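Across the two complexes that follow, chain A remains constant while its partner is chain B and subsequently chain C.
Our next item is the complex of A and B:
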């Protein structure tokens, strides 16, 4: 009975807490953003120009002054800048609400190999963290599962919508994999060199066994589908079925790996698996082996750049410089925060990378067109071009600068109310004396 | 609430009973197959599915759904060896020094009479001797517990993983027995032990009759009660199960055969290190035999002599006649033991194999010695496979590389009994394990 009471209380709390949700609706339809400085990313900077948005799609990006046909709602952006919406290449947004509250954590299934888990199915569109993030100009993120070695599939979602379906840019964006560590796990790790090597080799063997079985499954199914005559249909295996797009090259594999040695091992492994798209993620020591990564032709989702050094003798700037060094070596770089509620800081992760060697132009690409290309969404998002999805922001300056205000955000053509949990709290508490 | 509990339990059960899906079939192609009778088939293929061999030979089409390893004509496949009587995975005997009230009438367990004990609850497949046996090419073993007169039942297990339930092939195939006694309580001598066997048979037979009578006409007879120790002997008394009896010396073999003829049970002689002395008796009595390969040490002078022969710089000292006479006798005795297995074949018997008394680390050396002393490879392989399977009553299921038989075999880099031959794969009950 006590349990029932608790349940009712929770229900009541859930209902009342809905009042804290954002109730203002976004606007949709035809918009004209005029007199703006436009950072197209793919076609340079238009010093003074206009953008037309028609039902979610960018229909015009042109220099000069617009002669507007009727029916457009005009947003005069004189003195302002327009950027494509930023894309974070690795977050837990929508999967985890509050880390310390287990029931709100949905990012990790139990198991070593769970390729059939789809982050897409678990996204919570009502996450309070989503508005907090999008009002800072981050319009699109990769949300990925994190358990075991092969965790499942990440999803590329816009940060506006009432269902995962309405949010998805690419429902299954990549297979998320964590590379096993070949080093000590920390100062508490008592294993000797031999044991560490053994453990690593054992894990790698497990990965290879699993991988080979999945690959065989794909070959077998393809053989059956090509000519089912005289063959009995093999049983469907949901796990390996989920990996079939990997083997036909349509689904990239994102490998989360950080240490120098681990990256080298991962690259060796990648080399052995031809015909598959691989992407490295996190790669905190990527700068140590930038040439090798470039040689392998593997893109890199770098970040967070705002972190501390991994070795005590490293220069403090190493994490900030990582993206820049990788880019100079010839690696295609995208930036990720690896965050949940702090995903809004993507701008400053990119800003630090820009200031420490990547340069503003490349840093901008690293949060727009590069991730769009890596996840196969560059026909839809990642730049301000005719025909693309209207994901953009209007700012009063460089969005990498913390003092810049993001004034207007469009996601999939919706003009988003610039309200979040933070603005609501700000409003509620800024003038307490007026009521009591 | 309890209904909910049952529901939850039912759900959990149903989940745990779902088996992980596997590759439908496997195959090796371009391999050399060594059959149970010593024949070799080159450029052969073997296909297996659901734990059983589906096809084998040179004229095999590998089906599309079989994951295939190409042996490249360098791999050799041997049927998995079977240990017919083994104590691997058995816990060590418990030391029990507690005082017995009346040592002349001790409880059954104190006297080492525990036919009700089942290995199933006690075996531990993580023990090192299990992995040693696997390395030696064994894929199955009839396992009993360590003990004295009647240490308990025997089960046949695959040597696959750690789970006894999953490994179990056949339970309760035999009872274990030996002329071993505790020395501190009755029976403590050979004559006492033999008397005790007779007594047990008499007690068990009587109890069985009384129980039957009482069951048929409870009003006419008094309830004889139950006795788990005596009841465990019923299958042996009723000739539904053989008694596997550990015995080496001729006199002891004669004693146990006398007991067999007197009491009427199916006997299997185990160990039989001096079988060359009584091969004819075994043949006459039609008693199957599992031979131990625990050989005596080679006389020391033999090795020295071999060494001296190789060293051409030294002139061999002549050996005095009396020493030579002694050496000749010693060698003849040694040769008898080493040729023990061969002598059984010469007598027309089909001896099986037991690892009883054998140290696994000596296995390879022992095989080498046996072959040097004239045992043919075909006889050796028969003992390790089909002969043992026949003694265990499993000759229609295991021991051969033929269609319908258990897919349990060992894959080596060279012919198995050649030097530098390495195990590459082992397949147990259809499960492929990459040994390296």
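Our next item is the complex of A and C:
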């Protein structure tokens, strides 16, 4: 009897340890993707060509047939298309696991001004949401904090890696800010117009005061650093210290803003702060003031595209057309989903923008090279070019189409297993009747 | 005199309903690819609609005198999309959440015909929606199936002949509201089962007593001798429950986890309830063989998951697996955003799990029609059916396909070519910016109104 028990325990152990091996390992090394239609994004479309990948880096992208040196694993992509990995310019991926379970939400620290918070710190590389996203061709995302007015720094991460360090493309990508709204906050908001205006002005004053202190701190520190002789070092302030890269123009400021009036106020404010890189985000009513945004030369992280109209008298297509109208006015456009677990739908948010005015080519840029440029990562990602990080996907068609399958994904040169918990559940349950 | 007044009222009501008689249209659509949802697609085919009914499908059809012809060469015609789970067109408040059982209330009474969200849905090729009660109670209120005859009044939106429906809800929502919120059963999935069984038993007992009383009263009323029998008051709640048990009201049950799906099927087998639909049913794929065996239907999202714990082990492959096992499966929206592109939601079922395009089309047409008991009237393009359909610029599963025109009963309620911006029916001069743009899954979409009151919303960034 004891022997039987031991046997059962061993069986159980064998089965569970087999299940515990939940992912295949990715492959790394030298790859040749041959006979492919290549959407380079920055150098047009190569109808028939090949791509070489060597230890994480794209070493060749060219037309014709590859004469391969030895040692390359060949992926014959005859009849397939290759695209750069898609970049989502605004998500909570890695920060939030399950929205309704507060202990799994790490995107919102307490405080109105918390520029020292870093999304990078709280990225959970093992989030179940991550593999679900990347097998759809989204290889890279901005994950950003959301609390208060200045929430902290967003991070630009690849969706593969065992640590935030190995995932990060730009560990601190931008300072994330939410513009105070000059309107009602909800149907429950009983404030009259005068009170709303007062509240807005008060919030704006708080922002300006805080901003000026941070700027002064930066000037003071810079002056000290330039000539420390005979001076005592000023005390460090972690919050303002975190904002120093903003003032030397190396860290962009992303302002989340939606209403027409709020966008105009934000643009006015931006104009008053020279020498800083600003970016607008969400911008659901960007199309109403597209010319003004273009004039200010501020890029826009538009989206989600798939949202309802912001005013009941607007045309039903307004949200779909937003990105296209901004682009036509001359604004550099990137697309964001604002999503967590369904960031995989970036493809369709881009697809709707493409179908309603932006066009397929520009929509492709809006999820590849444009965000790469906006976040200062275009030397590394955003297109299929020699010397760039191997972030790409092989598809059987246009990745904006819901019927298209994403067949192979490379992230940072790793050929990742096309597995997520959802595919594992599919494999387990699709033939359930065969086992019981 | 009293009789005359009643008769007069009756006649004037009749006249009123005649005055508001629903419009029926006639039109000939020429040379389209017709996706019928009842067999193969038909190439270069004409569809003739007469007085709101599909009267002929074929080649070289001629338009009767005075009937408009639309050239649909290179375009696609598909049946109007049917959304088996919607909360559009409701005057605020979809949850009568004050009791774990609220079967007596009905969405019929709160339909708001002025909701411009209906127009956006029409622009996505949707023609019929199932307006549901929320999911705060184990046995919620009754639903209402309406056609999107945008611009008509409350009565004229009704889908004539659609069976009555009712919402049930299992799992986190009723246990949060009643157990966690009020400290009464159900706090657990065990409690949820007992609420259903207790309510069914009480309703059956009530029926026996009520009928016995009515019999006795009828006997007594003939002679009016002796004591009048003690009355057993009418109970609207139990009347509705008894209609469920008699098969007159179709149950649509909010559910997520496999165990609770199995539980309700067990209970329904015990009480003889048939022909029901699990809504959301995100773990339906885990118990698809059992659902198929019991004839339970499934109405789900294409890919939403992980917004709450009970959907963390869900999968976009759900619909494909349920369909494979023979469960009548539909794709629904439960959202004023998602309802605008259910065609692309259905397309994802092909991508996730390899369902055929034909079966995926059925998931937004004839299958939801079956779940709502209206498949004899709508849900496919077949001779004799009601002419609810839409014309698309390309195959509706392409992201580039744009809905150009939508017909309900042969009447065009959406035409992109002449579409004006402002489609409000009622203008609120105070209104400026809508404060609830919808995007993505709202955690508590079916819980609207509840947590605002209870004050237990945990995340300032969730909409409801």
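The rule we apply is simple: the second predicted complex is superposed on the first by the 414 of 436 C-alpha atoms of A that agree within 3 Å, B and C clash if a C-alpha of one lies under 4 Å from a C-alpha of the other, contacts with A are read in each partner's own complex, and residues count from 1 in each chain.
We adopt the following convention: a residue touches a chain if its C-beta (ideal position, glycine included) is under 8 Å from a C-beta of that chain, and two chains touch if they have at least 3 such contacts.
What you see is a predicted model; the values in this text were computed from it and never measured.
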Simultaneous placement of chain C and chain B on chain A, clash or fit: fit
Touched partner set for A:128, first chain B, second chain C, both or neither: second
Touching partner for A:106 - first (chain B), second (chain C), both, neither: neither
In the superposition, chain B vs chain C on chain A residues touched: C
Partner chain in contact with A:183 - chain B first, chain C second, else both or neither: second
Contacts of A:341 with chain B and chain C, given as first, second, both or neither: second
Inter-centroid angle chain B-chain A-chain C after superposition on A [Cα, multiple of 10°]: 100
Partner chain(s) touched by A:217 [first = chain B, second = chain C, both, neither]: first
Partner chain(s) touched by A:307 [first = chain B, second = chain C, both, neither]: second
Partner chain(s) touched by A:235 [first = chain B, second = chain C, both, neither]: first
Smallest distance from any CA atom of chain C to any CA atom of chain B, in Å, after fitting: 23
Common ground on chain A, meaning residues reached by chain C in one complex and by chain B in the other: none
In the complex with chain A, residue positions of chain B that touch it: 21, 23-24, 63-65, 67, 434
Touch list for chain C against partner chain A, complex: 116-117, 119-120, 123, 285-286, 288-289, 303-309, 312-317, 320-321, 324-325, 336-337, 340-341, 344, 347-348, 350-353, 357, 397-402, 419, 421-424, 427, 431-441, 443-444, 452, 458-462
Chain A residues within the chain B interface of the complex: 205, 209, 212-213, 216-217, 220, 223-224, 231-232, 234-235, 237, 239
Touching residues (chain side chain A, partner chain C) in the complex: 97-102, 105, 108, 128-129, 146, 183-189, 258-259, 284-285, 304, 306-317, 337-342, 344-345, 348, 351-352, 354-356, 398, 400-405, 421-423, 425-426, 429-430, 432-433
